[in-house]
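Reviewing the structure listed below.
The letters A, B, C, D, E and F name the chains in turn, as written, and every chain counts its residues from 1.
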């Protein structure tokens, strides 16, 4: 088994805020991430696939094909968007880095046969990142 | 003469959009940067000061003091903000990387004696950046 | 289960040297790392926590809280110190990258409930790093 | 158990091409990676070893020794080479990133006692990388 | 005046070799860079343009337009190529980093009005780079 | 004219402290950098040379030769050293980043003919750096 990884990125606005909480509680739990008018990030994404090397090509998975899947399913969907307002999955849950990684995993997993293992690494800032593998 | 530089960063939402233009013209000129609900970036900032080395300390300028000035004048002012809605300087001009760099320069220059030369480098994404020195 | 990570850093002096060995043996085993008057590093630290996402906040653990814990327990304790002379844990063992990672793990693990898994990644230089998870 | 890692790099030319396929099929499967006259990369390599800390030295493995092994077995063998024409292992299989990582693993594993676990991470570009651990 | 910069990259094979010299002299002057069968690099390119900010857009130059020019003039021309065999400008001069930077400058300068100043920064490896501004 | 640059690095211990000042004044001016037992850094160095391209080789200066000069004059002299105790130039002045950059410039300038311009960039940490060109 071998793991291949492809990096991508997208820029988006978001805030962390629960409408069923008071502004004070939002401020207390989410700090400046709850600021009313949103802030934003350059999200850096690493998509990793673990599988066996095809002896004919030397590939675990065609990296060009993987790049296209990430482009159409993730970059086109999230880039230059407001995650709270524009992305339906975040109408009822917060676009925390954790939840964005889970969304990305769920949008990508359908493209790969069950023998592959998928892992998502998402940098929200150069100092904060999350990893999710289902 | 020697130049010292200090890196800092802030996260913010913005969009590029002129209200005196039609949506079509905004789309044509600013592309997806004009999307209505904003997007955002991790802005990476480098503040550079050129001056003479103080023979007593070996410093051009106290790096700890420079760090504090950047914190109070730039990070506290721009971090986790919506540049279009929250920052008064951008009520009438677009928060392009160029204009943000000029704003940062103008907010910092007053802290340094005239013998110093100030330069601002601002990364909007890991692939796009601007430099301004007055 | 999802993993969140936070980066931090500290600068310190150290040397690798066993007083119960001759200088020759120290030189042979530890090379220039045994130089008498110490050398130093910018240590880059990644603290990773694996746990479940809280459905209310979308967080595995509050990143701001994690940042504070790292600040008070690790940065304030190790930054701008001489690891051999100033840090009691290294009075009898060598401050190798491996042993520093174990010290960091042991100082942090008490802050997290048992359901969390903690992992320490420590860069001694951009080219050398260690990982420890208990 | 603790993991230590050492980074290294080498530059090489390669192409992905199967002589038993038509040029059309090579182009269809390998895209521009099959261009006749080769292209090349700065390969960034991370060699990771998992083992127990020696209580006498504080080392899992001597990093200076590991650096020498990587130099003589990998850098001297692959640096400034044409992987297809100069490296015998690639006379019959394609020098894909996956196959290069496997070659590196196989050339290094003999240096370490069975109690160690070896892992190879190989960046073909800053955006594409593979991991292999036997 | 303000400077904007855009990063791009391409992968290529090359060697440094003068056919009018003996192999010995090539080896003496160019070292392993003269190896017969080529080696290669991930070239990282920074294109910088200095000009005045357009008060209407806040732009020195449209970054999306600059990205397209770099794509069509440089990436499509040099990416996945053998610089010695495939690029006509290098039929008679060596594809050293210096000469590649000059070629890039010469291919791009025609796109910008004379009031702009163009600068090329080209990384041949993460440790070696050149800068050229005409 | 074209500029070539080469990166290198060294690790060293230092402190900023004037023996003619009280401990209190040292603490006030130099902060934790004045801690008695030293701290340390991974210094990242960029040496830049500006000159004309030799039409015969395509080189401004032989990068392999430059690497050797940096190795023998700077890395061998400063790596794994205590700058205050082991380096004679710092017996009477403070090893601030500014003064280290000047020392590096002065040790290197003698190797290059007067037609070359030399510039030193020195990172003390990933967030602090200085530039000096005579």
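To be clear about the criterion, contacts are C-beta pairs under 8 Å (C-beta built on N, C-alpha and C of every residue); 3 or more make two chains touch, one makes a residue touch a chain.
What you see is a predicted model, and the numbers here were worked out from it, not measured in a lab.
Shared contact partners of subunit D and subunit F comprise C, E. Which listed pair repeats A-B comes down to matching contact pairs by residue number; over half match for D-E among C-D, D-E or A-C. Superposing the C-alpha atoms of subunit C onto subunit D requires a rotation of 120 degrees, rounded to the nearest 5. Centroid analysis (C-alpha atoms only) places D farthest from subunit B. Taking each chain's centre as the mean of its C-alpha atoms, subunit A lies 29 Å from subunit D. Look at where the CA atoms of subunit A average out and do the same for subunit F: the two points lie 41 Å apart. Shared interface positions of subunit F, i.e. residues touching 2 or more other chains, are given as 126.
All chain pairs that count as touching, in label order, are A-B, A-C, A-D, B-E, B-F, C-D, C-F, D-E, E-F.
Residues 16, 18, 29-31, 93-99, 101-102, 126-132 of subunit A touch subunit C in their complex.
Touching subunit A in their complex are the following residues of subunit C: 2-8, 48, 53, 55-60, 62-64.
In the complex of the two chains, the subunit E residues touching subunit D come out as 9, 11-14, 32-33, 35, 37-42, 44, 79-82, 85-86, 125-126.
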